[in-house]
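Beneath this line is the structure, given in structure tokens, with notes to follow.
Order as written gives the chain letters A, B and C; numbering starts at 1 within each chain.
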Amino acid sequence: MRSHTRYLTFETPERRQFVRITDDVREAVAVSGVEEGMVLVSAMHITAGVRVNDDEPGILADTLEWLDKLAPPSWREPANDVARELGPDPGDFRHHRGGGEDNGDAHWKNLLVHHQVVLPITAGRLDLGPWQAVFYAEFDGGRPKRLVIKVLGE
Amino acid sequence: MRSHTRYLTFETPERRQFVRITDDVREAVAVSGVEEGMVLVSAMHITAGVRVNDDEPGILADTLEWLDKLAPPSWREPANDVARELGPDPGDFRHHRGGGEDNGDAHWKNLLVHHQVVLPITAGRLDLGPWQAVFYAEFDGGRPKRLVIKVLGE
Amino acid sequence: MRSHTRYLTFETPERRQFVRITDDVREAVAVSGVEEGMVLVSAMHITAGVRVNDDEPGILADTLEWLDKLAPPSWREPANDVARELGPDPGDFRHHRGGGEDNGDAHWKNLLVHHQVVLPITAGRLDLGPWQAVFYAEFDGGRPKRLVIKVLGE
């Protein structure tokens, strides 16, 4: 059995941002020498996620807008009345009451997006469909955040 | 270590549809000869998902209806005012502006449902609870779509 | 290759409740002797989930409240008008019509939260970020429910 571990660190300029990491995952698979196996790609934070989808700027922007409705921030005005009613009731997140925190919405976005994916490796290559790209999804950026890539197989 | 890979192709008559694939996964596990391990079941498209839940027609229909509210299509009237407000603002998906695309909602449903599951294999069998069934979740059907099953273990 | 399997059973007093299980997962990893690998933590029910997030009581309470808006129960009044419109249309879940069932919302919460996570093992230890805790998420409690932990690696 072979295994390989790699860590990435992100410090995104935007508070919420998708960062394409398909090539980093491919490189970790190549270095591992694994021909048949799986690779786990996992955010090490509770306010970020990992997702596989289309690397098309329109859908990425659509998705960030939509996530702000389903999991609304309390650090700015809700996008509309539905976002307002989906927010904490009443007022602000319990999570913010101790003071210092304002990222409750990032915990919710982490739930919707999920913090990890597992991808197949076949014949030494990342076995993705033609439109599948891997993204790190930052929801509380502007500071260093880590991600782990773990390759396992033979 | 043993591994086994199998691809399935779906071309569903419905645009959105759940297809039960538990037996396909069981068969791949049996063929692999793996006694202890994991099996990854992963859609190879960005407008489909894989999910484990109850094979009960009522909850499957409930869930498709609900996903059309949370992740509303723009190719038909929103189900109600909440669906309308959760849709792209204003009007249509940025993803559709280049022309040709109308499946932005399928990308969002892929996010909610996720494109993959990992299932345990114990004593040579798929180790599911009594009500757990595996489904391919199509959100933009009517054309061939692929899924990969990757078994890993010993 | 090494593998190790452990089952946990929960019978929560609350209908919906998060139960921290990080130490159970750590113990399974230690017993397995695996130095490099992955551990799958998976609910064996269709009305429960597994999630990694912050063990902070405020965000856990915020999240249960929010899930009751996104995936509203029909066994009590909707939290507000948005929750009402996100519920089954009209009236109750198709899933409840056969009689005996009232847990349609728990199936939907299972979809949002997901029933499993895969976690990395590095140098014999569960390789989590500093704030990452593992939770069993019960959405239809008060009866025995099972979860499986499967460790795989070398």
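To be clear about the criterion, a residue touches a chain if its C-beta (ideal position, glycine included) is under 8 Å from a C-beta of that chain, and two chains touch if they have at least 3 such contacts.
These numbers were taken from a predicted model, which means no experiment stands behind them.
Engineer: Could you split the other chains into touching-connected groups, assuming chain B is not there?
Structural biologist: one piece
Engineer: Counting shared numbers against all numbers at the contact of chain A and chain B, is it over half, same, or under half, different?
Structural biologist: The interface is built from different residue numbers on each side, given that under half of them are used by both copies.
Engineer: Express in whole angstrom the distance between the two chain centres, defined as the mean CA positions of chain A and chain B.
Structural biologist: Their C-alpha centroids are separated by 19 Å.
Engineer: Give the residues of chain B that touch two or more other chains, as numbers and ranges in rising order.
Structural biologist: As it turns out, chain B has residues touching two or more other chains at 1, 38, 70, 82, 112, 114, 118, 152.
Engineer: Over in the complex, which chain B residues touch chain A? Could you list them?
Structural biologist: Per the touch definition, chain B meets chain A at residues 1, 3, 5, 38, 40, 42-46, 70-71, 82, 85-86, 88-89, 93-98, 104, 107-108, 110-112, 114-116, 118, 146, 148, 150, 152.
Engineer: Quick check on the complex: what are the chain C residues that touch chain A?
Structural biologist: Interface residues on chain C, with respect to chain A: 1, 36-38, 51-54, 56-59, 61-63, 65-66, 69-70, 79-83, 112-114, 117-120, 122, 127-129, 131-132, 152-154.
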